[in-house]
Amino acid sequence: MLQMQNVSKVYRTELVETHALRQFDIHVREGEFVAVTGPSGSGKTTFLNIAGLLEELSGGSYLLDGVRAETLNDDQRSRLRNEKIGFIFQGFNLIPDLNLFDNVDVPLRYRGLPRAERKARIEAALEQVGLASRMKHYPAELSGGQQQRTAIARALAGEPRLLLADEPTGNLDSHMAREVMELLERLNADGATIVMVTHDPELAARAQRNVHVVDGQASELESVAMPLRTHVRDA
Amino acid sequence: MDIRPILSTLSRHKTAAGLIALEIALSCAIVSNAVFLIGNRLERMAQPSGVAETELVHILLAGTARDTDHPALAREDLAALRAVPGVRQVAAVNQVPFQSSSWNTSVNMQPDQTHPTLVATTYFGSEDLLETLGLRLVAGRDFQPDEYQEFAAFQRSGGESPIPSVILTQTLADRLFPDSEPLGQSIYAWGNRPSRVVGVVEHLIRPNDRLGAPNEREFSMLLPLLAPTEYGSRYLIRTNPERRGEVMEAALAALDRVNSSRIVIEEQAGTVEAFRDRYYQEDRAMAWLLVLVCVALLVVTALGIVGLASFWVQQRTRQIGVRRALGATRHQILGYFQTENFIIASFGIALGMALAYAINGLLMERYELPRLPWQYLPAGALTLWALGQLSVLGPARRAAAVPPAVATRSV
Amino acid sequence: MLSYYLDLALRSFRQNKVLTALMVLAIALGIGASMTTLTVFYVLSGDPIPAKSDRLYHPQLDAEGMSGYVPGEEPAEQLTRFDAEALLRSGRADRQALMASGAVAVEPEDGRLKPFYADARYTSADFFPMFDLTFRYGRGWSASEDEGRARVAVISRELNDKLFDGADGTGRTVRLDEHEFQVVGVLEGWRPVPRFYDLNSERYGEIEQVFVPFSTSRDLQLSRSGSMSCWDDAGGDETGLNAPCVWMQLWVELGSPAKAAEYRAFLENYSEEQRAAGRFERPTNVRLRNVMEWLDYKRVVPGDVRLQLWLALGFLLVCLLNTVGLLLAKFLRRSGEVGVRRALGASRRQILSQFLVEAGVIGLAGGLLGLALALLGLWAVRQQPAEYADLAHLDPVMLSTTIAVSIVAGLVAGLLPAWHACQISPAMQLKSQ
């Protein structure tokens, strides 16, 4: 599904050259739930940006669902993001001027789907995260957990091949965080491929596999996770 | 691009969007009226006078002693002027175009009519006036020598010595005789004796076309009277355009030889072309001022749009990043801001058109201007739409350049 | 506290230099344009004789024949010679002067200068005291000199300088239209704006250079100028005593409203008498307007000047809207700052004051720049061919008005944005991000 080989990313400013990633390798298979962990400044976010096609890589190769990412132009990458990737951000990143329905609608608009299909997908996605009754509400009227669930609905509505989550519970209290984690686990159980970036070891422990990033390089750790699927079935 | 989400966003920023829309509305209203005013002035300035402007030199002498034999002096003057080299035609005249003072008379269709049909200006002076002015006869003939009489004699008669014939402009003929052939018909002007229409000239502007309505600009007629030198000796000389300066000097010298006690009224000595130039100076200045105001208005409005759009782009940087992360192409971001501007501009333009008509109504009332032609409205709308799109392009391009990675930047 | 707000405002300007400059420039353009046109309008619509404009009246009578009569129409603006002289003779007002305009050929006595034409006013003795004219040398003429058709003249200071090289010209003679006149007075400069006493020719021009008794002017048949309207044939003598032509002005001084009412009654009475005598045909229709009413009736300010004023005010409005929009965007972008300030104990009033000070400073800066633009604009007006061009100067009243208007404009422009900003609740801002 997602394969990076020898990827490097260099940020250049007038004064310094920062190597955010170097000889970075990772391979995520379809249906996996992978946690990418590491301390602040280790390159987690850079990895996420590159994985999500938000930034270009400086070197190496990146294969996303069979497409060579490094050869794509801006428009092609936009299209690929739109069709294959669902983002879940730490700050939720809902658009404050739009209600939930319109927020979930955003990626579908860019895909140019017909109205009826968009409506069906939005309603299904909001249903899935338990917010179907709130679709006329604005983000400011919701709790943090509800906002993040909306963001997840937005990610799901496009039926992406890959969910990229960036500290999805970082801005939430423990109760809401659990709610969101359970939702992600359920999605994974239903077959979604999820890559989650986090600095929280406890959260990472719940993924099937952990990739640890230190100084822009990845090292695989054996998962010590409890059996997730069982957990989901319990729920 | 679907506009509903944009409308929804705008409805949450009503004040700012409303202000820009209002600014566009005012600009639209003022600019369409100002352009209309400019057009009006230019049109007025471009009106034909009917006279050979570039070939005419005008001289006014005053200070003739009261007991002079005026008719004899006039004849002597004319003869002296005809002898000046380069002179093609000479005539005495009572008034010339592009002057503030004029001779006017009421015109009646019946004797003893209580309310005059209209008021027209009267040109007269001497034989050859029609030719000297360079008027184009479109019907009938010029006056015959036996039709002329001295103005003073006519005046002393108390209006009883008839003016046998009159020449009208086409405009005046059409107004007085809308349904019939004017030649041979009679009008009553200056007294109660009929004057027969013997000729019609294509154009002849009133000396002061600011008197009366714009469509009365050519309410002029020619009479077979000899100009009174008691009011000063006015002469029109027709020559080749390039010889005007030289002819003027020679003519002044010739007149001085006839009678040296007279004083040349300097501001009245010059070419008719120069008179026209001076006459329309204020209109020209006003037209330029209006142009300046239009440009300034559009620039300020454009700056307002740029300013607000820049702020919105800054304010929404993160949102733009998120949209990009969710798959929006640069084009779609550009399109978003352009559409947004188009919507605001459209609201402004709709309001502006109503306002333009209202302002035009006021102008019609106060300045006797015609109704704003409807074509000005779509033209104004297009201008402001284009202005809006052009102004928003910069900020929108900056928006499109926001990298999608902004979405993952920690707050 | 004010100095703190000023400091904050300056910091804010530094952060957003381009935007601040834009707002200042927009206000400056608006203020510059409106102040230019407002000054011209103010000069042109001013009171030409403030000390007694409410005591000077301009009588009108309806002396025309029935031909062309439309009930309710205004009477003619000028008087016939017969009526002007009759009203002058009646002496019912505190002061009265009849007048007509003309032009005379001036021949200096020593023949040193070429003869030239000068504008003249043919009037009567009260003209000078009634309009408060001051003399540099000499005096006006007396009523008895009017009666005696004396060959006396009052000349302007410019003409005196031209004829007599600045020396006192009283007692000297000057030839006007080939007749010798004795100079009895030389005027100080006088420039009523507009030239209210006769609006037929140049409304904003200089006053005449030569003043001679009206009686003398008719005696010598000096040439007249200005507007004349005849409703019947004058038999070649339009300036004759009984000519059916209006071409003269009469001004009267009436010291109190009661006297004005009395004079109006007298005019009506006079009109009735004339009708009874068969001279007037139309129903009595008199007017008695004081200076400002007369100027108002004559719509003395040129249409283009009014148009320019409205245009400039419209432009100012657009500039202000522009500033309001930009300030709003600017202030609302600082929601976070407002939230923090509120949380730290700032009251709504204090937030409002902070932003109003910022807006006011922009208004003031715009105003000062606008003042410079207005001076430039007035300079441009002075280069125009209009007859009022040389009058376009900024006086202290307009100067202070400009500064006041610009600060008010800045505050008004800042009011809505500042009000929006102070509505921001501290909780909301701190909670969301």
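Per-chain numbering from 1; labels A, B and C assigned in written order.
Assume a residue touches a chain if its C-beta (ideal position, glycine included) is under 8 Å from a C-beta of that chain, and two chains touch if they have at least 3 such contacts.
Treat the numbers as computed from the prediction; the structure is a model and nothing was measured.
Asker: Return the chain label for which the distance between chain Cα mean and whole-protein Cα mean is smallest.
Answerer: Taking the mean of all protein C-alpha atoms as reference, the closest chain is B.
Asker: State the chain with the largest centre-to-centre distance from subunit A, centres being mean CA positions.
Answerer: C
Asker: Could you grab the centroid distance between subunit A and subunit B? Build each centroid from C-alpha atoms only and quote it in angstrom.
Answerer: Here the centre of subunit B sits 70 Å away from the centre of subunit A.
Asker: With centres defined as the mean C-alpha position, give me the subunit B-subunit C separation in Å.
Answerer: 26
Asker: So what's the Cα centroid distance for subunit A and subunit C, whole Å?
Answerer: The mean C-alpha positions of subunit A and subunit C differ by 75 Å.
Asker: Could you list which residues of subunit B touch at least two other chains?
Answerer: Residue numbers touching two or more other chains: 411.
Asker: In subunit A, which residues are in touch with two or more of the other chains?
Answerer: In subunit A, 91, 96 touch at least two other chains.
Asker: Spell out, as numbers or ranges, the residues of subunit C touching 2 or more other chains.
Answerer: In subunit C, the residues touching two or more other chains are 433.
Asker: Please give the residue numbers of subunit B that touch subunit C in the complex, ascending.
Answerer: For this pair, the touching residues of subunit B are 15-16, 19-20, 22-23, 26-27, 30, 34, 37, 62-63, 65-66, 106, 114-116, 152, 155-156, 158-159, 191, 231, 263, 265, 278, 281-282, 285-286, 289-290, 293, 296-297, 300-301, 303-304, 307-308, 310-312, 314-315, 366-367, 411.
Asker: Quick one: in the complex, what on subunit A touches subunit B?
Answerer: Residues 45, 48-49, 52-55, 74-75, 78-79, 81-83, 87, 89-91, 93, 95-99, 102, 105-107, 109-111, 154, 158, 166.
Asker: Under the stated contact criterion, what part of subunit C meets subunit B in this complex?
Answerer: 19, 22, 26, 29-30, 33, 66-70, 103, 105, 114-117, 177-178, 221, 223, 233-236, 303-304, 306-308, 311-312, 314-315, 317-319, 321-322, 324-326, 328-330, 332-333, 384-386, 416, 420, 433
Asker: So in the complex, which bits of subunit B are touching subunit A?
Answerer: It comes out as residues 2, 4-5, 8-9, 12-13, 318-319, 321-332, 403-405, 407-411.
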